[in-house]
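Step one of this worksheet: look at the structure below.
Order of writing sets the labels: A, B and C. Residues in every chain begin at 1.
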Amino acid sequence: MSRFTAAALRRPVYALPVIALAVSLAACSNAASSSSSSPKTTTTKPSGSLADKPITVAIVPKLLGLSVFEANVQGAREVAASLHETIDYTASVDASGPDQAAVIMGLIHSNHPPQVIAYSANDPTSEVPALEAAAKAGIKVIGFDSDVTASARLYFIQDTAYPAMAQALINAVVAKYGSKGTIGILSSTPDATIQNAWISAMRTYVKAKFPHLKIGPIGYGQSNQATSQTQATNLINSNPDLLALIPIDGAAVPGALAAVQAVGKAGKIGVFGIGDPNPNRKYFANGSLTGLFLWNEVNQGKLIAYVARDVYDGTMPSAGGTFTAGPLGTFTVSNSPAPGTIIFSKPLEFTKANYLQYNF
Amino acid sequence: MTTLAMPRRWQLPGWGLCLLLALIGELTYFTITTRYFAANGVPGILVLAEQFAPTGVLALGMAMVILTGSIDLSAGATASLTAIVCGLGLEKGYNMWLCILAALLAGTLVGLANGLLVALAGIDSLLVTLATQFIVTSVLTSLAGAEPPFNFSVTFQGLGQGAIADVPDDVLVFLVLGVATILIVNYTTLGRSIVLVGFSQRAAQYTGVATRRTLASVFTMNGAFAGVAGVLLAAYYNSAQPDTGTILLLPAITIVVLGGVDIFGGRGRIGEVIIAGFLLGYLSQGMLIEGNSSLTITMVTGLVLIGALVLKISLERNFRQALAVRLQRLRTWHPSLSRPD
Amino acid sequence: MTMAKEAEPAVRTARNIRRGPDLARLASRREVLVAMAIVVVIAISTAVHSYFWSSANISFIFADSIVVALLALGESFVMLGRGIDLSVGAIMGMSAIIVGFRIQNHGMTLLPAIALGAAIGIALGLGNALLVGVTRLPPIIATLGTFSVYSGLEFVVTNGNQVDTIPNSITNLGVHTVMPGVPILLVATLPVIIIAAFVLRYTTFGRAIYAVGDDAEAAYRAGIPVQRILFSTYVIAGLAAGLAGVVFLIHTSGASSTTGNTDNLSAIAAALIGGTALTGGRGGAFGALAGSVFLSATLTALSYVHVSDIWQPAGVGVLVLLAVIYDSRGNAVRLPRPHRRSPKEGRPQ
């Protein structure tokens, strides 16, 4: 690895490692002195055309090895060259907030700290101190998929609007199974932020539109396919009047489908969910899965790259403003549900006709 | 096939030295290869220790438990529980010290329950704490609810993020508790009982040591230590998540074992555990800064543990043999010298 | 290597005789007890919720317990020899991933898949066996280390992909039943458990495991190659975990880099509930199956009475506590034994 060579050691210290104790470091190279002082521009060189300056964007999703995040990274890498970006992809092995915080601290202190960090947080709070440290060190922080407290980041790319997703799901159930009965939900953990937002959005929508529909029991599959399958089976068996099952976690969808198939209720109990198509290819192919929603993860990755560039260049609008992300189109920054939120897209429905187009 | 019959009481005198040298080597290596590591001098390096000080605190309590030949699988979950208890109290606006006290109390109670089950019912500690770990996990998940507590007062955050004379608070707590643990183990009756119980519970009992009380106290202390770790975690992360402490269990056990404490009890020095805490902590911090993924770090940690233990065992074996040879020579040279035992 | 016939007497140490009946009968009594407990759980649950006693639900309880049953079976061998293996979950994960990719991308069929799973299990089990049997690391430490390494390898092997398309021809084994309530998977796994039970009960090798677990020093004096026996228990645990990986694929039709991370403790819990003691020398193969079916049935029952999932771990914890308290109640020896050490070692020489 080149960073261990002697040449690397002679490289000048070029950014300020500021965490509270930075003052003591006056002796370092001249480049060091500016990054913390002016939050708007991070570069020390007089900015002629910022947009040409190569930057590193670190994407830190919840954990390593999830195909949806790999798709994000793939999308970001596709447009990275045109944006003069290098995409650095790292994450923790466990889906744990504290572990993720450690990874972020490592990035801040590394020999080549990124200019932008894009995270998808495991929980809304544990990463905050680390992200604040990153901001202090002059790193721009943006979020995608799963947010933290708004003060710890500049912008957040929300997958879809929560009510839109909730409506798409409930409408799909009603269209196929009618508006009378109980719906079971299979989530990941009781404190999963987005999942809880979806559940409450579904509750609100059902309450307003379908008085005879009931959002009933909620199972927690711990983002683990085997556990999800067990919980789904138990939900089905212990609620004989179940109309449909809505798994709202990537691992929960195949778990719920396997469970419905195993108890011989395929077709009788509908499965409508939020998840990626890959784990469910089999069920698309045999027609037992309709109504799977998500968003285009690859394009979302591209948006991350565009936003990262704009944030670094300081060309992102504040709330209410719009910006263009190349071929992806125009996006609006809004202050709802949280400050600096960018809604990425409408829910994307995967069907038997289109599921093969997506590889995540 | 001979090891079974060999005495296993030997304590390698140089193990602490080995660990210290490894720590110095590691710090030197990261200072050379990474820009940040030593950029802020000693205070900067100490700040890095903030990240693993709670793990170290957990390891101290665990070290005492393992010294008695027991183990506590529930310590991590207990730390999570106390973090959440503390966080919930703070969120409700109770006095900070009251919340900390409640958290420590919660940890102590779990520890006491473990201790009573181990000591009075005489059940293997691994079983007891395996069970309590499951139960505590349920309780804390239920307590945490849909929105685990976060965003505490600045004063409370200061506990996890502040510093006194350039030493971060939680590192200070780790060091102070470390010294306290050394004092307890080496200079109190309880400490002697802990080691004796670990050495041989039966022998301890025959010599009049209150083995049950010793075991109960050790588990209770460990619960209290987990409570301290939980409070530190809540302060450091400014939030209390259900998995905050749970994920620290295996690292804590790794530290204790790397620190030379015999997993069967009766042997080990707390000072070496403290050094091992810094060694492992800086290893993962340094590797993160070097840009390694946490995947590499997990695997390297596992390999270091195995490698160090293999090394230690073979060193001890050689040391024993060398000693035996030398004693033999001594005896032939001066026949009046009796066997050392 | 054939075992000396003197191995037998080593099993009957003074302590065992004092405890009363023959080891095998003790073990079978626990299995009967657990089986009765399963019946009670099913009866109560059915009274509360009639659907509980449906072939689909009973079949699911069985199918759901097989993965843990196989892990617990391997773990039982290790625990009988007074060891512990914290890496079986990761071994299962590795097997599920590698086999899964072969099935998904190369159309591997079931029998080669089982062979490959077994081979992976043996290979990874050998790692533990070398560390415990040859370098003589304490098992809890050795397997803690290999757990980190193996679960790291899972990420390396998956490299961002996951196994998600296992053909129905294979997954049907977990769904289809030979008779109402009895999935093919259970029938297919039974021979493995019967063979294991036979080996443990009726072969010199099996008895030697009990002897080593009961008192390694005595076993050594009786001429049993202690380290070699320990070595093989870890290989067997690996083998069982490798097979469990294939069963995992059949049951859940997918696998990812985190597969198996949480199954170590379930396996130990199932073995304990099934009557295998952590202190070695007591337990058996059927206990592993009974323990995991009991766990699966109880957890399913909990959700039938609408106990939140959050409390399921607590349920497992309480069951483990009950099982071990029951054990210690039946244990006449009140004086706690020195922890996993032969009495000889305490003495200076």
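Keep this in mind: a residue touches a chain if its C-beta (ideal position, glycine included) is under 8 Å from a C-beta of that chain, and two chains touch if they have at least 3 such contacts.
The shown structure was predicted, so the numbers you read here are calculated from the model rather than taken from an experiment.
Looking at B-C and A-B, the interface holding more C-beta pairs in contact is that of B-C.
Compared with chain B, the chain whose C-alpha mean position is the greatest distance off is A.
For the pair chain A and chain B, the distance between C-alpha centroids works out to 35 Å. With centres defined as mean CA coordinates, chain C is found 29 Å away from chain B. For chain A, the set of residues that touch two or more other chains comprises 64, 93-94, 190. Residues of chain B found to touch two or more other chains are 141, 295, 298.
Residues of chain C found to touch two or more other chains are 151-152, 155, 310.
Those residues of chain A whose C-beta lies close enough to touch chain C in the complex are 63-67, 70, 93-95, 190, 217, 219-220, 222, 224-226, 229-231, 233-235, 237-238, 240, 251, 254-255, 258, 261-264, 278-282, 286. Contacts from chain A toward chain B in the complex involve residues 3-4, 9, 13, 17, 19-22, 24-25, 28, 64, 90-94, 96-99, 101-103, 105-106, 109-112, 123-126, 128-129, 149, 189-191, 196. Here chain B touches chain C in the complex through residues 1, 3-9, 69-71, 117, 121-124, 126-128, 130-135, 137-139, 141-142, 198-203, 205, 211, 250, 253-254, 257, 263-265, 295-296, 298-299, 301-303, 305-306, 309-310, 313-314, 341, going by the rule given at the top. Contact residues of chain C toward chain A in the complex are 49, 51-52, 54, 56-57, 59-60, 63-64, 67, 151-152, 155, 158-162, 164-168, 171, 174-175, 248, 251-259, 262, 299-300, 303-304, 306, 309-310. Against chain B, the residues of chain C that register as touching in their complex are 84, 131, 135-138, 140-142, 144-149, 151-153, 155-156, 216-217, 220, 225-227, 265, 268-269, 272, 278-279, 308, 310-318, 320-321, 324-325, 327-328, 331, 334-342, 344-349.
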